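In what comes next, subunit A is part of two complexes: it sits with subunit B in the first one and with subunit C in the second one.
On to the complex of A and B.
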């Protein structure tokens, strides 16, 4: 006959085992239903790629599609010996960029940070789908929590970020083989954050911007740019502002003026690649894959060359191509880059 | 704070451990604090309404109780001096003073309810009359918010007041305990309307931690979430498509009628399961509000099994008092003298029932469709009642009453009849309800029920499959409940099996529940009453 103490102990063991089983099941199910972004939309897989990297970059790009589609870290390394990484995701809002930068500077201190200024146009949270692509990939930290709180739209809930299972519970009916394949590993679609596209869809015209009631960037957007500047200043990192050469969304002269004034006021380097089309050799009949919204591989490599030259010659970035084990790591990356280029060209029937 | 919100789950996650960690003598105080926080979260100003009701009813009941005690003491003290007439005169004078307190609290609180709930209804009707008589003048609507659960807590507080007046319940001496009785958070959203004598013993008692009680309560909560999230809220988009606008006639109206009946059942009983389960997990016993109403064989039986606390409230506090009031007794005497014994006896019942159903309709909402719904129920019940002898003769003649198929027929008939009456509730427009109801008999589009057209209403094939599975489970559990508690039956099984059953149900709610982004966050339908 078991004693009361034994019965209590047995009940406790049973409870603990049951709780462990429940937690394990929920953990596995959460992993299963959380999107892997390994299908048509791969942009959601970009942010998490950084954590597998050795954290000794010279340059970090921060921004939206105008950085991860338009700059090639491979060119910066291969031709100028600059080790760079892009922390960008689709429609990455400026406060998300700020918190990603805060997180990145917690891991490492690069020589410079390049921020693409198009995100200044957004002063409010936009869409949950884009928030998720930026935020789900971040590791849990104070920066992630602050980024979530700054980014949530009215329909979103912090609880669903803490427990993504609650957000993605309906995905059980649309699971694909990729969900099982990437259950315990991350899908890695980029090359140091650069998303390669080799196809071409020429730009046929330069779209006109619609008239806006107010061309001033919002206070919130400005405040995060200022925070970014101060953070870089505190960490001794040079902040470089860029505007990628996308034909649309339209970059208004009034916006340009505000950014130029801000850069001048704080002594920041600002490069607008829309003004450097001839200098970089960009040709919108061959260097874009979606009629001017984003550059393709050819276009991205052209402006990366321009930037690399500036980093080396004007800003004195050292050539690290002889450094080990960095150089060996890059050998693997260059091979993967070339393989994907060839694979995409083959898929298009061009080789 | 909706029961299905993350905030509510977080609220419970904090409350439960605290409740069982603090000394048991303070548990009721924690419940009071939690109830005030819960109500405050719904709207800070609402707290004023509920406190006004609680405090005025508390004070009036105390005065009534004190007068009663005073009377007992006086009569005891002056037993020798008072003759029968003297005692009666004294009692009458006390009763009169007690009645004043009763009327004061009744009028004040029903007045508050009437003002916040029915002012705009009255203005809308006045504006209609003004237009009818050609006046260009229109009254402006009041911008007044309806406090959450006002109909429920007002009725609950008034039932206590009347019970104290009748001497059924003692007057509560502690105002804070009384505030807790009125505001106990699980039943604030949609009832049930508990009686003081039923709720107060366990509400104010001390409850040491008991894992079994906690588990049983949480199991009931889980079952409530299953009904609400997997069935009711999934059904919502189809119901909204079918009933809004009145474009879906004929077979669509029929489908909408049944869908709404199912949605309402799953929504309301699911909410009550959550209420009873949360209370049970806290050691508090809340009375059952449903006994498988869709298994009823008549409308009368249905109303004894659906929203029981409301039905008994109207019976005890409206039907009986009206039935035995002096004018009604006079009317009965007059009827028996002039219309015959049978008719004369029934007249007060018809009129009292009419008053009950009119009040029930109005209680449900400030619009004519609810009045029509209430009176529709009255009409059907009265007709059924009058035809009862005929039915009994038919049952005896053909010996069908005990036959399974006939009982099934009666159940289906009740479901269809109740669902048809609910159309007043779901269309919220009396002429439209009639139009849609009659379209079921005139439109010839029954093929839409089978040709895939139902898949255009906002529900996919998978949604229908989940609903069908949910219904099968609901029906199975309901059938099993006739033989006793399903939770007890599960508890008697080996641990691995019951673990799998409850965890399986949890996963079903988690993965098949209609919640989060992409679903309309639906508040409980009875929340609006």
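On to the complex of A and C.
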């Protein structure tokens, strides 16, 4: 005959097992309904790709679509021996860039960080859909929590970031086979953060910018750029500012002047690729896939060559192509890059 | 007895979790991670006509009119674009990630912008670019700030050189330079909330 104490213990064990079972079910359910971004909107899968990488990069890119569409780490490695990775995401806001940088510098200390300055145009949180594509992919850390708090729009709540099931449970009726396929693994659409497109759509009729009432970047945007600069300084990392050569959204001369002044004031290297169209050999009749918003593969490789040369010759980045196991890892990456290039060309009927 | 205790524990936990889920659904209603939806007033599938454009005007938004074609914000764009005729130029921009294209039609003196929702485009903005066109109330680029005040009255807000009137889920914005109107914009708040 079991004693009362034994009965209480058994009841407790049963309760704990039940709780564990329910939590496991909820965890699986949450994994199932959380978007995998493996279908049409692959940009949402970019941020999480970094965690599977060996953390010994020479160069980290941080920023919006103007980094992950316009720079090719493959060229930097293959032609200059620079090991780089792009931590880019769609409409990545500058505070999200800062917290991604903070997180990245916990993992590794690259020689330099490249930040694309278009994000300075936003001084306030914008849209949940874009927030999610940057924030959901981050691993939990203080940086992620601070980024969520800085990014949320009025309609969003922290609890829905803490427990994505609360946000996504209605996706139950929209699940696709990809949701099951990527239940326990991440979809990896990029090549070290670079999203490849080989198709061509020439730039035509690109509109000028609307007249603005105030061309000044906002205080909040400036404060995060300054935090980024100070963090890089503290870690001994060179911060390089770039403006990618995208023709749209319009880059105003008044914006350019503010960035040039900031870079000069703090001794930062600033490269505006819109001013280097001829020097890089960019041709917007062949080097863009969406009429000038983003570069295609040939365009991205052209400006990456320009950057690679600058890193090697002006900034003294070493050629690491002889290093193992880095070189072997890159052999696999180069093969995957070439395979996707051929696959996209074949889909377009070009080979 | 043992089975009852187990079942009770399980049901209790499930009930608590179900309640938590329901809490998350309450309040502001369901949200969808996608493109911003058009406002209800503009959500009709019917082609734009003077009659329903007038109905939307009466709902409170300022409406740009060109050659008799009314261009309310968030209205379905295809009939309006057809009625306006061939644009001087056309540009379309994909967003960084989402499907669908933001489209820009440039006509003499003004630009019409649209945003996609589902398989249709809706008017997101009209930008008056020179003094060959004017608002239906008679204000054009180059007019004085005093005339603006005279015609439209007190604005909803003034921020530096930006004077904003708000009505019916849209904004009519005037950008001033040295007390003269330099730009006029009709903006949908469904896109630029």
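FYI, the second predicted complex is superposed on the first by the 347 of 351 C-alpha atoms of A that agree within 3 Å, B and C clash if a C-alpha of one lies under 4 Å from a C-alpha of the other, contacts with A are read in each partner's own complex, and residues count from 1 in each chain.
Note that a residue touches a chain if its C-beta (ideal position, glycine included) is under 8 Å from a C-beta of that chain, and two chains touch if they have at least 3 such contacts.
The structure presented is a predicted model; accordingly, all values stated were derived computationally and were not measured.
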Contacts of A:211 with subunit B and subunit C, given as first, second, both or neither: second
Subunit B versus subunit C, judged by how many residues of subunit A each one touches: C
Contacts of A:18 with subunit B and subunit C, given as first, second, both or neither: both
Partner chain(s) touched by A:291 [first = subunit B, second = subunit C, both, neither]: second
Partner chain in contact with A:172 - subunit B first, subunit C second, else both or neither: first
First, second, both or neither for A:3, with subunit B first and subunit C second: neither
Partner chain in contact with A:155 - subunit B first, subunit C second, else both or neither: both
Overlapping contact positions on subunit A, where the subunit C interface meets the subunit B interface: 11, 14, 18, 22, 128, 155, 159-160, 165-167, 169-170
Subunit C - residues contacting subunit A, complex: 2, 5-6, 9-10, 13-14, 17, 20-21, 24-25, 28, 30-31, 33-34, 36, 89-99, 104, 106, 111, 127, 159-162, 173, 175, 182-183, 185
Parts of subunit A lying in touch with subunit C, wherever the complex brings them together: 10-11, 14-15, 18-19, 21-22, 26, 35, 40-41, 43-44, 64-65, 90-91, 127-130, 132-133, 155, 159-160, 165-167, 169-170, 204-207, 210-214, 248, 290-291, 293
Subunit B residues within the subunit A interface of the complex: 6, 10, 211, 462, 495, 499, 503, 507, 510-511, 513, 515-518
Subunit A residues touching subunit B - in the complex, by the definition given at the top: 11, 14, 18, 22, 25, 29, 128, 155-157, 159-160, 165-167, 169-170, 172-173
